[in-house]
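Going in written order, the chains are labelled A, B, C and D, and every chain counts its residues from 1.
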Amino acid sequence: MPKLMGTVLLLILTLPLAFGACSSKDVQAKKRTVTVAGSTSVMPFTEKLAEHFMIDHRDFIVEVQGGGSTAGIQACLNGTVNIGMSSRQLKGEENILNQIIICYDGISLVLNPANPITNLSLKDVRDIFSGKIKNWKELGWIDRSIDAVTREEGSGTRGSFEELVMTDEEIDDGIMVQDSNGSVKEVVATDPYAIGYISLGLVDDKVKAVIIDGVEPSIDTIKLGQYKIVRPFLYVTREGLDDSAREFIDFVLSAAGQNVLKMEGLISVHD
Amino acid sequence: MIKKALTKEHFVKYILTAFALSSLLFLFLIFIFILSEGIPLFHKVGLKNIIFGFKWAPTKGSFGIFPMIVSSFLVTFGALMVGAPLGLSCAIYLSEYSGKKLKLFLKPALELLAGIPSVVYGFLGVIYIVPLVRNFLGGPGFSLLATSIILGVMIFPTVISISFDALMSVPKTYREGSFAMGATKWQTIYKVIIPSARSGILASFILGMGRAIGETMAVIMVAGNALRIPTSILDPLRTLTSNIALELAYATGDHRLGLFSTGVVLLVIIMILNYIATFAIRRRVLK
Amino acid sequence: MDIKIRTEELRLSFGKREILKGVTVDVYKNKITGFMGPAGSGKSSLISIMNRMIDFEENATISGRVFIDGEDILDGEIDEVHLRRRVGMVFAVPIPLPRSIFDNIAYGPRLKNKNSGRELRSLVQESLKKAFLWDEVKDRLNSSALKLSGGQQQRLCLARTLALEPEIILLDEPCSGLDPISTAKIEEALNELKKEYTIVLVSNNTKQIARITDYAAFFYMGTLIEYGTTEKVFTNPSERKTEDYIQGKFG
Amino acid sequence: MRISPNFVDKIVKIGLNFQAFFTVGILIAIVAVIFFKGSPYLNLEFIFSSPEDMGRHGGIFSTIIGTIFLVLLSIFIATPLGVGTAIFLTEYTKESWFTKIIRFGVESLAGIPSILYGLFGFIFFVVKLGMGWSLMAGVLTITIMILPTIIRTSEEAVKTVPRNLRIVSYSLSATKWETVTKVVLPSAGPGILTGIMLSVGRAVGETAAVIFTMGSSLRLPTSLMDSGRTMAVHFYILAREGISMEKAYATALVLVLSILFINIIAYYIMNKVTSKYS
């Protein structure tokens, strides 16, 4: 026991040295690292891209993290990461960054599959989220309050939703808030009376995409310019991007990379 | 004779003093950094507009967190309503009615339950409690009620274990004296045992409150996080803690400062609660 | 005769309570000196000053001087840890450390970095023999010291003190909790030990003082009432109080 | 009509019985649900393969490693600090304004909710010290968070060591430090260990303080500056984003089993040490 204590004490005193040694990046000099962080909407697709990229580029490590568009942009601005992911336009001083549109994504209103409603007007949606319509009865279904779900302040998806759908109206305070596409989807998937909005690429059979003003949200309708709730997915970079990161971005913009995004239900920049 | 040459002892004492001071240093750092990030906004927007403001739209310049302060107290109160009576009666049963074996089994079992991560409680809340509330009582299910139930269950182990200790520490002679005067078991418990264990039981409630008001992730999962003060127990709500956790990752500029202001308010509430708790516990020691 | 310990006008108080009111006494080398007196006479406090164990009592204030081999041990510059190696102590209640018999005895030597196997083992063996305990425990040196009987534990404590290789041994009512047989064994050991060590025995068992000490001192209410050879104190005390005490009229 | 006290007594007993079993039943149900829902998906492959596709497939290996790194390093720093503080408070000082201030500090730290630790760790370690989301930021934050638990349990344990043992040690010419290391700490060991185990449990289950300091990268952390994901964070993300309920239950089961395992180890060591010399 005394010896143990002594050892522990000694180690504690030498710990700062150990931290110093371990933290130097040259430990992983053999691997080329690309760090990417930002929008949780873009993150799953970047993960997919990274997986595919690393199959052919075995000496690469692509680290992908969420955090949200704003955090990603900030991380890129102060050099914490190589690439920031954003699902909204840059604003103000953020514009000094280079932006690369990697694809387009629709935002789809989603309902629980048990909900018989398939069609809503853009105004209906606006009224639901501004708190003017509170009951499904007003939309021709049963007498039951609407459990609307929005995203939290600062989310890129929310930003685009406010801009493209709400326009001048504000989202009502009584509406539930979730902090990622996944959790919005999860609420809608489990609550028959819920309505939310998520990235079109993430819509699957757990939820039902709503036809807006007669237009079904799909890649085709977006390409034809019929479905209007669309926003770009951006990668942002600083001046003096390092080669590893550039190689990754080149892959994303290549036919192979764009194909990966198409498979995931997004709209290629080449279309 | 050899004179003092205890340099090693001195060295040890300095090191240990430094270790002891590290706790103060950490507390100091926590206060400084949360306050220094949180206070500027109070100057800029005004204390009143933050603490008594109703509108939280940080990207549009509104930083009112009054609904969240109210909601934090509501869920804490709700958790106590669920956890305190059930936990206390469980403690009474275990200390006064159960056999030795159950008592022996109890402590480790409670420790295990106290150790289950809060996210697991939150998850089970989403899977079982939220649909139950939605289907039988209405509303979205993500609600004050569901949150209170989950937090109530989470504070069970704390309430049971500490009030159990308090009840067990009531001297045997009190019980015997009461029985000797012809009181029934319940009369003894009600009139003698509970009053003498009162401050310990109170401490268990306060510690439970502390856990409930500080809980974050489980609350985010079941509370629905709406920004309005709930008008019924079936309405969703957002607490101070969940406000921070929901938006921290995304926030920059004033938005981030707003979250630190939320943190400052939470810190102040917690410190007051702590003070009350130490006061209650100290009184128990004095008795 | 050499004086080993001398106290001069030694005063001690705990807060406002005076325990020793100016005690001047000499302890001779290679003799057993007995300190006797009723409870509260200050005799135990007196010996706990002699190896500075008094330092661990809260709010004790001491004045006066205590010399060991002519050097003042109350001097703030003195290394009290080194002092305690020279002045060993056995307490009223046997307090074995929660470890094996061997490790108990070896505790002190190991602190002096006496770690080498053979030297340490022979020191432990020798100490146990001197305390008349060796024969009883030689086959179970690695078993817990807490399993020994009370009398054995006290001799273990004596052996543990001897293993420090001290010059002086202070015993604070070492036999107060023991049966007559165990007491006899300890007394037997002390008789042998005085050849090598200076021994101070605190006891309120006057018969024990009479049996084994060479010098005897009687304390009452923090004052030294009488001091002389044991024979003189017991057969022809010069103070009335001493006589009363010896005859068991109070105490 | 007056109701007889004996009748009330019986009703109360039945009521308490019912409530107690209800309460204990809920707690057992929680463990049971996780066990039965999680065990079909829990196997060696789940433990030893890393998550793929955000955790939809594969196992949780990298998050187990992330958890172990985080917990071990935090304990490694917090234990000497915490035990040292406890030793300082009990052995090296008398009660004074100084110890009162330190105790106040410890109590205050203990009461701070984990989200505020997250907030602090985020602004201090991640942002101001520029560590980014990293294992190191997580470790330092968790260290501060578990420190009060270790201090308080160690102090309790050290206080139970009888004063006599210290006195004997001093009388045998031990210095204070020798007495602390050779007598006090071994005797207080089991109690200290229990506190450490409690802290391990808390660190394993922590989410709020970890997610904002260590981040949530699924890759295996290879240096202290790497981000990583712990099991609890992984579980939170799996469950919350509805990525995979099966994996979520299985991860929850692993979490609960680890807590159980930690508790069992604590009891085992405690019994072994206490029974050796008593």
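By our rule, a residue touches a chain if its C-beta (ideal position, glycine included) is under 8 Å from a C-beta of that chain, and two chains touch if they have at least 3 such contacts.
Please read these numbers as outputs of a predicted model, since none were measured by experiment.
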Chain occupying the most central position, where position means C-alpha average: D
Dominant chain pairing [most C-beta pairs in contact]: B-D
Subunit A and subunit C: spacing of chain centres that average the CA atoms, whole Å: 80
Averaged-CA centre spacing for the pair subunit D and subunit B, given as whole angstrom: 17
Whole-Å gap between the CA centroids of subunit A and subunit B: 33
Shared interface positions of subunit D, touching two or more other chains: 80-81, 175, 182, 186, 240
In subunit A, residues with contacts to at least two other chains: 9, 66-67, 186
Residues within subunit C bordering two or more other chains: 81-82
Interface residues, subunit A side, partner subunit B - complex: 9, 66-71, 74, 144-145, 147, 152-155, 170, 173-179, 186-187, 190-191, 193-194
Subunit C to subunit D touching residues, read off their complex: 51, 53, 56, 58, 81-82, 84-85, 88-89, 91, 93, 95, 97-100, 107-108, 111-112, 144-146, 157, 160-161, 164
Of subunit B, residues touching subunit D in the complex: 6, 8-9, 12-13, 15-17, 19-24, 26-27, 29-30, 33-34, 37, 86-87, 89-90, 92-94, 97-98, 108-109, 111-113, 115-124, 126, 128, 153, 156-157, 160, 183-187, 210, 213-217, 220-221, 241, 244-245, 248-249, 259-260, 263, 266-267, 270-271, 273-274, 277-278
In the complex with subunit A, residue positions of subunit B that touch it: 15, 54-59, 67, 126, 130-131, 134, 138-142, 220, 224-228, 235-236, 238, 246-247, 249-252, 255
Touch list for subunit D against partner subunit C, complex: 94, 164-175, 178, 182-183, 186-187, 276-278
